[in-house]
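One chain, chain A, appears in both complexes that follow, with chain B as partner in the first and chain C in the second.
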Partner chain A sequence: MSNDDILVRLRHLMKQSSQAKVDWDAVTADSTIASLGFDSLTILDLVYDIQQEFGVEFEAEKLAGVKTVGELIAFLRSCMGGTAGEKAAPRC
Partner chain B sequence: MNSVPRRVVVTGMGLITPLGSDEETVWNAMMQKHCGIRRLTLVNPDDYKTPVGGEVDSKAIPAMLREAGVEPVGDRTVDLALASAGAALRSAGIGAGCGSSGPVPMPVIFGSGIGASHSMYHAFEAFFQKGVRGLRPTSVPRCMGNAISAQISIKFRLSGPNYVIVSACTSSTTAIGVSFRMVRDGYADCALCGGTDSVFDPFVYAGWNNLGVMSKNPDPLSACRPFDSRRDGCVLGEGAGALVIESLERAAARGARIRGEILGYGESSDASHITSPSVEGQVRAILDAMSSAGVAAGDIGFINAHGTATRANDECESKSITAALGPAAASVPTASSKSFFGHLLGAAGAVETIVTFLGLERGMMPPNLNLDEPDPGCNLCLARGEAVKLKSPVAMKNSFGFGGNNAVLILRGWEERK
Partner chain C sequence: MKKLRHAVEYGGARLALAACDRLDPRRAFFVADRLADAWFLIDHRRRRTAVSNILASGVETDPRRAFALARASFRHMGRVIVESLKAGDVLADEGGRRSAVEMQIHPGAMEALAAPGRGVIVISGHIGNWEIAARMLSFIKPVVGVTRPMNNPLVERLVRDRKPWGRFTLTPKHDANAARFLQTLAGGNILALLADQHAPDMKHMIPFFGRPAATHGSAALLHLITGAPLCFGYCLRSGTMKFRLIALEPIVVKRTGSRKDDVETILTRLTAELEKAIRVAPDQYLWAHRRWRDQPAKPASS
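What follows is the complex of A and B.
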């Protein structure tokens, strides 16, 4: 699965969880998570949806250091066992 | 609290129903005697004894929410409520987009018989499939009974109290009645009230399917036949209705368009059986409403009946109306809007109240559909065939529910009185 594939799936999940008015098609790897309208509650739903979608399990606290969508993608790749050549990210 | 009761008027209405999602579409469909009941698509109709029902057009929900400027919550019942609330506020010229910069101190009192049932269905499904860790973290705020009124309050920034009234099929009539009392007695100057329900998830609909009160007629257009000799049970529907009500003084001061007046409200409990209705309990609610409104039986020009098309309800309601109104009952045109939509459960009272106000504005009311041969046990002045021309601008709206709940509103078309 390419990073672009993950990005497309993340956009869909984020749109579902966020409830904020965001131009989701304009979200890129450089977009910050903080700009996407999540609060302490809706971020939990996003974590849940990511776990269901990608078949991974991790505690929500593991995302504390993740600031951008690109870092989230790298984190997910590490969870899925594909970290080679990726930017350093928190481990699952 | 005001020592002198205030007049309470309606200045905004919004609805989303199996017949349409705006007043004109719904009214015109009723005048043309269109029925909104179809073969079901939201659940597999082949799994159920009653394969027909009144479904809302699923495209209408996001369209109405876009128009209201709010994002969907993702629960069909709550989103229906949000859609109707947005339409009611817009028609009243209140809230976001209508010149308001901050929260509006307006109570939100909504009724629902079932609540956020689609979220509950998904939560149960996930739990039983995947266990504790399969449950969505936001299951509690999604499923809680007051999610409906809370989301309306949050999305539209209405900062009065918000809560949900749960009293089966009387839920939204009671929500309107309670709101009416709040405004009449000075606890609030205005309120957003109504009801919502969406029964078509596989679990909740299965419950109704197995209860034994539903029609087994597979023909969607003839299945729902209140007061008819060949009726064989109710047909369910989904939808939501919302009304903005306010004191006459407030409405006049802001130059609002007044759509009608709520004259009175009455309620009671049968205190006898969880599903079987009681004449005695219903009569008390009707008389309580008439007393609250200060009207006599002869003043009432139309009855929008509860009229579920079950054998027990229609006969019991007929006896109750006759007992409460006396000889006048024989000449008051009576019809059930459920023949057009199906039974919208917790939304029924609100949607049927809105339909009644639309009729009062126009001086006419829709008849009963499918009333080919009135049941001799339902000895009322039942409207058949064409629309009823009103002789009086006062109408009664009955709602009776499982649990022995009885709720009755007395409504009046708007005309300036001294």
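What follows is the complex of A and C.
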């Protein structure tokens, strides 16, 4: 799975769980998570959905350093060992 | 106008604090009861809400008894403030804590609370004295309470400045640091939340005394995504500066893949436990909160 594929899936998940009015098609790797309407409370729906959608288990607190969509993609890739979408449920 | 109101409230709060410091607990309760009675008399909107909530819950069906219970609930809030201000004296040493608070903690909950480095989610409602509960738990491990700032920033600062928080700290509900709650749990703290506030997003309508109430899903989500133990607890007043702290067996729910279903399974259990606690001491519940303010739209009848 390419970074662009992950971005498309993330956009869909974010759109579902954010209450902010955002032009989701304009969201890029440089967009900050905060600018998309996520804070300490509203991020929780998204974390659940990411764990579910990408089939990864991760210690959610490792998201602490993630500020942009691009960093989130990199984080997910590291969790998936660069093999997103495969059967195993990787953990990081 | 708003600034003037805040200034008046601030002045009143300072006076109340000064009086509270000079009076012993019994006298402070006496004064708090009279002030709460005055508040009950003046604030007819909240009074009506409280009586109507009590009747709607079925806890009381007779309007006169509901009225009396609503007044008791207002007095309870006054006492919560006095107790919270005087807690530092009572809870300062272990002997004082032992004599003031009877601990009824389920062994499973105690195991989770006592495990070093393990984050725990503790849920309660506006029942009894939640601040005493948090203060007591903070002697086991640090507690971070999730809170909404007061409407009056002057009173907020006054209260914050004077409280000896110790290992009990507060964090805002909406923090720009999206990972704040997750970090708190990862740091081995207790994350304490009150789960009976109205959730404006209305994502989860959970039966509360048989009527759907918009309920925050954050506690449930935190449990599902981190696996941290989730305990329901509350602290009831049993006498003058005497309490009973109850913590139930941790709730464990495995995710099914449906976020909404998983969250609502947990919220339904938590809300049922809250209802049980309220039935034990209905006069120690904050009935004036508009818990059922929004109801789902009914489908148009054909």
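The definition used in the following text is that the second predicted complex is superposed on the first by the 83 of 92 C-alpha atoms of A that agree within 3 Å, B and C clash if a C-alpha of one lies under 4 Å from a C-alpha of the other, contacts with A are read in each partner's own complex, and residues count from 1 in each chain.
Everything below uses one rule, namely that a contact is a pair of C-beta atoms (placed from the backbone, for glycine too) under 8 Å apart; a residue touches a chain by one contact, two chains touch by 3 or more.
Small disclaimer: the values here were computed from a predicted structure and weren't measured.
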Contacts of A:33 with chain B and chain C, given as first, second, both or neither: second
Which superposed partner A:64 touches (first chain B, second chain C, both, neither): second
Touched partner set for A:21, first chain B, second chain C, both or neither: first
First, second, both or neither for A:75, with chain B first and chain C second: neither
Partner touching more residues of chain A, whether chain B or chain C: C
Interface residues of chain A shared between complexes with chain B and chain C: 19, 41-42, 44-45, 47-48
Footprint of chain C on chain A - complex, ascending: 19, 33-34, 38-45, 47-49, 51-52, 59-61, 63-64, 66
Chain A-facing residues of chain C, complex: 171-183, 185-186, 201, 216-218, 221-222, 224-226, 255, 257, 259, 262
Touching residues (chain side chain A, partner chain B) in the complex: 16, 19-21, 41-42, 44-45, 47-48, 57
In the complex with chain A, residue positions of chain B that touch it: 71, 73-74, 133, 136-138, 141
